[in-house]
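Chain nomenclature is as follows: A, B, C, D, E, F, G and H, assigned in order of appearance, with residue numbering initiated at 1 for each chain independently.
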Amino acid sequence: MIHYPAIVVIAPLVGALTAGILSFVEERYAYPAALIATGISCAAAVRDLIYVAGHGPIAYHMGGWAPPMGIEYRIDTLNAMVLVLITAIAFLNLAASRPNIKQEMPDRRPSFYAMYLLFVVGLTGVASTGDLFNLYVLIEITSLSSYTMIALGDRDRGPISALNYVFVGVIGASFYLLGVGYIYIKTGTLNMAEFATMIPTLQDSTTILTAFILCLVGVFIKMALFPLHVWLPNAYSYAPVGFARIVAPLMTKVMVYVMVRLMITVFGLDYIFIKLHIADTLVWLGTIAILAGGVMALAQTNLKKMLAYIIVCEIGYMVGGAWLGNNLGLTGAVLHILNDGLMTFALFLAVGNMVYKLDRVQIKDLKGLFAKMPWTMTGFVLAAFSIVGVPPTCGFFSKWYLILGAFKAGAWHFAAALIMSSLICAVLFFKVFEVCFFESPDTHVGHGSDTHGRHTTVAIQEAPAISLAVLGIAGISLIVVGMYSKTIVVRLIWPLLRS
Amino acid sequence: MNTFFLCISLGLCFLMFVSFYRCLMGPTILDRLIGVNAIGSKTVVLLLLIGFLYERVDMFVDIALAYGFLNFVAVIAASRYFHKRKGLYEGSFKGETKEVS
Amino acid sequence: MAQSAPNSCASVQSEERKKKFSFVSFFLTFILMFLTWVVLSGNFSTLLISLGVISSLLVAWFFHDLLFPNVTSRYPGLFFGFIAYIPWLMWQIVKANFNLMFLIFHPRMNELIDPHITVFQTHLTSDLSITILANSITLTPGTITVTATADGLFSVHAIDRRSADALPGTMLAKVAGIYGEKQ
Amino acid sequence: MKLLSLIVVCLTGGLLLYGTADLPDWGDPNTPASLHLSKYYIENAIRDTEVPNLVTAVLADYRSIDTMLETAVVFCAGLACFMLLRDFTPKKDHYYRHVPSGVILHVKNPDRQIIAGNEFEDMDKEWLPPDTIIKTVCRMLIPFIQIYALYVVAHGDFSPGGGFQGGVILGSSFILLAISYNLKYLLKRVSEKFLGILSAAGVLVYMGIGLAAMVLGGNFLDYEKYAPIFGEHHIRALGMLGVEIGVGMSVTAVMVIIYINIVSEGKHDEGL
Amino acid sequence: MYWSINLVILVFVIVCALAAIYVKDLLATAVLFGAYSFMMCLLWAIMGAVDVAFTEASVGAGVSTVFFVAAVFRTSRRTKD
Amino acid sequence: MNFFVVICLCIGFLFFLGGTVGIIRMPDFYTRLHPAGKLDTLGLFAMVSGLAAYNLHHFSLSTLLLSVKMMLIVFFVLHSIPTATQAIVDAGMRAGLSPFTRKKTSQLQGTGEE
Amino acid sequence: MEFIQSIKPVLAVLIPLAVIPVLVSSGGRPNVREAWTFIAGILSFALVVSMVPAVLDGNRIGLTLFPIAPGADIALSVDALGMLFALVASSLYIITAMYSIGYMRGLNEHSQTRFVAFFALAISATIGAAFSANLITLYLFYEILSLATYPLVTHHQDETSKVSGRRYLTFILGTSIGLVLPAMIWCYHATGTLEFSAAGIFTGQLSTPSATVLLLMFVFGFAKAGIMPVHTWLPAAMVAPTPVSALLHAVAVVKVGVFSIIRVLTGIFGVELLSSLGLGGLVAFIASVTILTSSAIALSQDEFKRRLAYSTIGQLSYIVLGAALLSPKGMTGGILHITMHAFGKITLFFCAGAIYVATGKKYLSQMVGIGYRMPVTMTAFLIGAMSIIGLPPTGGFISKWYLVLGTLEGDQAVMLFVLLTSSLLNAAYFMPIFYKAFFCTPAEAMFERKFDEAPVMCVVPLVITALISFIFFFVPQPFLKLSTLAVTGFTGG
Amino acid sequence: MTELFMLIAAKYNYCLYVILMMIGLYAMIAKNNLMKKLVGMNIFQTAIILFYVSIGFKHNATIPIIKGDHGHGGHGAAIHAADYMNPLPHVLMLTAIVVSVATLGVAMALCVKVYQRYQTLEEDELRMRLSEKIKS
């Protein structure tokens, strides 16, 4: 009996509750408890991945009831991968963010850890469940904890943006729930796998079509696809650092995972691409999202907000890629879930370090940062390269598959948008680098060309070592994942798509 | 007998509609509160009647009972609002206040 | 958190602590709770009865002082007095209601009613008696208690002069009789 | 904005109505929804679990992980309200009431906040003497509400109700206490710490039952595995009872936490 | 058999919802929302969903309304729409 | 037996009807509370006792307990409705609503708070 | 023709990379740091040289590192062309390292550690590009090189370098992402592989128009080659310190550009396909336009390094032209010109830097009579200039000779004319400098100290490179052999 | 026309839930007051619950609690699925109600927090305050 699928979800929950109790009893032990819980969860996720890659999917029956009756947690290579991503980021971020959390919310730290772990519970659950309704509950855990955390961020804007997020998020989750209802009324089941076996007989039903659209719209709202993205930038940029670092890389990506799961496992590719004719529309939506996200990112003066718009742009990549209608595009989208999670994580780690030292991250405040925080900036540059899609980093490889898919599908607009967005991202980050590299932190007057050699030496003020170490790990993993992307694709993604 | 219960239920529904007029139109919130309170007491009966219609009244009694309690809580809460908000200084500080610095 | 609570609060707490744990009140509450449980449950399996005992104990342990704050030996008398009071009250209520029905369905209602507020002082001291009186007033002909303070000052809204004049009257006498207090 | 939202709303409504056209008739007993999964539940739940209330059987056994996560959501909400609103900053002004005479002292100097003696009572600007009638009636009703709530928790198997409903009723009995007396009185009886621990402990009880099943060799939340300890008879019903108690604990605590934090803006001084 | 009550209550529910949204006072909204919960509870009782009705009774009548009143108590009653 | 039940229900319904009409017809807030507080209580009392009696149709311990349970509702409601009424009227008083009077110069003897 | 599995190419790439942490950590002690630079340079040069015999035997050495997609791995493989380029780059790295010590210390520049670290990174990327076995690996190293040189170009961190850096990145990254990446994916999409092969990877998947578009995307996409409309980054990048200009903009960066173009022309399209479609002429035409225009512009430049930059643009196009001639001789000439131009141009840059270090002068009009003050430097300058112009007895003559032969072989008289005209122009913009330096009356302040050369560390490297340029005229052997070998590989003959 | 009418008559529950839901959605989008939006949100959620509960309804069936004669150990007469309402939607909706209450609590806490900071709950006024803050 393999209990790892359950442990992945339960360990953080135990941790959350323990931290919750400890926050009232003995605050000191809340952090170690949280760290241990995420650590266990991460180990279990890795174990899952290894097992799944070797032996095929695991089906874990909660409560001992076989699937249609009970709830099944089903781990295949796709969600094992996503689980490892989630738990690893959760663990690393918890390690890295302790100084930030100490700085930002000194009086409610233990509760923060509890809430953080609840968020992790939600994400891991979303990634591993095989039941449509269970997914809804898990999405709600995730959302609820993220509303809270976002509200705890910026004093002025945090609660308002969180409240907006609440409204939008509730609409999204409710649409999803409604879609599940339509599915249920037509099939009488809530199990993903069982529904997939029923779909061929229900292809002409308008109810199923409506269900599909509702689920999709719900997930789109949660993942902030372009016209539905309005909640995201404020929410992510005003969140506290310790949380922004996990919500930005994971939340939208996990929702993309849900979309992919709905596509490949629940409704089935046959139904989606052969029966429905909405793929083109969605690729166009993805294209528009990419361009709009990029352009709006260009207009930002706040670094965090800029990154938030880049996330909007990246969502366009994945949605468009998944809907290209061929294996390559889908591969690219799935690979990009992993890669984008990693690179956004690295970016927000770096930004968190900046916030730790600078407090404000308007782009104009970053003057001379290369001299002040060389290591943080190195990590930032690496992550930025990955976003732009510079080869040895992993961002390039998923973009590679996406563009290939676009070529194969003949979606030239999407390919063009991908390349455009690379350029836009290059410009964006270049703008930041210039400020960090050229302008000295003290003086506002630019140096004349003949004053070189007399640069004021700026004392290095780096973020805490643990944050830097995690940033280093994230940076290295960007390259390592990039280098092994064929292994990932061939061993983990293709078996899934082939079946 | 069931038909009779059904008729009574529909009658109660009608009465609720009429009470709801007060909820809707009540010039003050307290009038609305009266309306809601009246609806609440009718609801308790209606729940029992539905129980009889289903011939499972043992199951519906619990709901009616809970209803009786909780309607009370809501009304008390709403009226306490006025105790505190409008009469902020009327009843709260009896006698004079001494300043101690 | 602990610092924000000033010491005067502690003084109140010490007062609380001084109040001795009253076993009688605990026991009475327990019995009452358990009886309620049996009525509610209607099931006599071992598991549920034992759960009922546990629940009753819990409630009694935490909240016995709510139901019986200070136990006196007059409780049985009180109880029977109250029982005897109820039929009378019922009759009053029915009377009141028919009276009111008459008012309501009267086409010239607005001319019949003459609402106003009267105030009267009683010498009731216990909370319970004041409450009983106030609720009885509310339920009986044409009057609603507006406020009743702990010193026994009642102000009553009456719908017409007749019902206002009837106050405090026999009801106060009866309630005071139950509790053996002055009127 | 209004027009735009109207358009959005109409579009959504149109979509939903479009999907409605294909739905089976309302109340038709021969829909797929009634014939597939629920048929199994209705016909076999009593055999599998020995619990007559099918909703409870499905909720706490077949789909128990759902319910556990739902309890986690509740816990999350309580924690959220605590984190968002709880205000630990000490008050600047203090009001004290001399109980026998009713004189109010207003102390502006935060350092001189300690007034010794039993007759002084710490109070707030919005203090109101508790209404005698409400107080007395609530005082008498609350124990009954509580025993009723506990009854609901315990009888989830046989009648409607269960942990959540019972928990909410129990919670609202505490809320009623806070309304009829005042918030401080409630907090004197059940401290914030107790509530916080209770809210987490409820879920922990639920999960402990699940984890213990895992330790005993079954899947998570597989109550069947307790048979060697508690005997075969009603084992699943027992498991469900334990789970319901956990849910009830958590929900009670969370409802009270949400209420006290919202009503006092996290200052825990004076409520409604 | 039950469709008549069901329909009546459904219409009632919709009227309640509209009223709760259009009334120009937040406390009144809270109170009307309480009424809305009552109706919902009844509706579910009629449709045979006793557990849901119970939950709605305890939540809608007991807790939600109190929360609303509490929130209005700490914020304001004023609303423009 | 059924006859008794029908009578009870009809009386209860009549009271409810009266209460409702009263709520609608009465001129001001304070007077409206009279029907709401009294007639509803009695209506509920009558109807629930009627139903409790109907429930004793098949007499057994469980149905008896059930009927007692129903009367428990009545017991609680008898406590809670007057209290709620009182709370509402008190609230109205504190909120400063002036009561409807037939004669404008009516002797208002107090405003609830001295 | 065998394929030898070996880790040597990887090591050659990795050594400069691996030394970076050491460099950074020893930033406080400059001497240790420079020692490490030398060690790395010499080691990687030795590794490259050790592979020469095997390559000369016609073998290929390589290793597949990371599979990233089917048919597109990160793989290194050494053939004659790559070996030639790697030899040039790694040998000149040592010399430039020596020079930069003199230059940077002479000017007391800031952030020297950063400078050497990125220098090492750049050279690693260059060697990697030289050894790339397929287009995707080439692209990878190409991009790393672009990014690694940005901090070098903008080393002064002032307003001017900011503007130039912006232009530099815009052109280099913009074209590579906007043109090369889609072109590459197009290729992969059409053929399923990106492996360089002598016959090209296309087997009839391309129509003539699409092949033209694809080719143009590559030619303009590799903007480092400085083909005319996308050349403007090169003069702008001259704000960099001179060693950077020298190594990177005479050797590494620009040569990676032309190298990539040659790779694409020969390894992706294949000579046969190109000649059958007649696309060689198109590229040759573009190249010759660039040659003439840039030479003309160079004439009017007063800043020394800018003149050299425009000269570079022209010379790079010689190489492209040679490859585009598609005749064996012409291609040999083009490839050989990589080497010859590298040694010649680096000498010139070294000279410019040495003059700047010694006198602080940047403009040619200020350098009247400088030959009296810095005779060694200016002599070396003469040799370098001769090599660029293509006069015997310097190495430049040989490559130009082959180019001319190539035009004759391909019967392309127009190109011959272009070559001759541009040689004249070259002479026209170099000789006046020399003339002014030695034969004009020096400006008044020049005579304060009679003999004032730059620091030894500056002078020695430029003497060495000048000498090598000179020697190449007599012993062009290893490079000539390598280039003919490369060309036979391409033409399959 | 008759057909359409019959269709609606057979499914009026489903149609009315759509109306209810649209009321909630409209309130959430168009209303200016945060508390009103919350009410809209709750109406929206209850509409969905209504939909689900409608799924579970069966004509001529009783509530999903097995009757006493089947009760404990139920080896009496066989249980027919058509006699009982569908319990599954009820289960799901219990969970959904709990979730909606939790969301309501959190949203209210947020409203209170917003009010603490800006002394208003109107969205347009909030926006005004925010832009003032940015200017100053």
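Everything below uses one rule, namely that contacts are C-beta pairs under 8 Å (C-beta built on N, C-alpha and C of every residue); 3 or more make two chains touch, one makes a residue touch a chain.
All values derive from a computational prediction rather than experimental measurement.
Number of steps on the shortest path from chain G to chain H, with steps defined by chain touch: 2. Under the contact definition stated at the top, the chains bordering both chain A and chain F are D. Touching chain E and chain G at once is no chain at all. Averaging Cα atoms per chain gives one point for each, and the point farthest from that of chain B is the centre of G.
Farthest chain from chain H (centres taken as the mean of C-alpha atoms): G. Comparing chain pairs A-D and C-D by the number of C-beta pairs in contact, the larger count belongs to A-D. Computed from the mean C-alpha positions, the centre of chain E lies at a distance of 11 Å from the centre of chain H. Per-chain CA centroids place chain A at a distance of 59 Å from chain C. In terms of their C-alpha centroids, the spacing between chain C and chain H amounts to 38 Å. In this assembly, the C-alpha centroid of chain E lies 21 Å from the C-alpha centroid of chain F. Taken residue by residue, chain E touches two or more other chains at 1, 48, 50-51, 53-55, 58-59, 62-63, 66-67, 69-74, whereas all remaining positions touch fewer.
The residues of chain G never reach two or more other chains; the list is empty. Among the residues of chain H, those touching two or more other chains are numbered 12-13, 19, 25-26, 54-65, 67, 88-91, 94-95, 98-99, 101-103, 105-106, 108, 110-113.
For chain A in complex with chain H, the touching residues are 133, 136-137, 140, 144, 147-148, 151, 155-157, 159-160, 162-163, 166-167, 170-171, 174, 177-178, 181, 184-185, 190.
Here chain D touches chain B in the complex through residues 101-109, 112, 125-129, 131, 134, 138, 141, 145, 148, 152, 155, 159-161, 165, 169, 172, 175-176, 179-180, 272, going by the rule given at the top.
Considering their complex, residues 62-63, 65, 67 of chain H touch chain B.
Chain H meets chain A in the complex at residues 25, 28, 34, 37, 41, 44-45, 48, 51-52, 55, 88-89, 92, 95-96, 99, 102-103, 106-107, 110-111, 113-114, 117, 126, 130, 133. Remark: chain B residues 6, 9-10, 13, 16-17, 20, 23-24, 29, 32-33, 35-36, 39-40, 43, 46-47, 50, 53-54, 59-60, 62-63, 66-67, 69-71, 73-74, 77-78, 80-81, 84-85 touch chain E in the complex.
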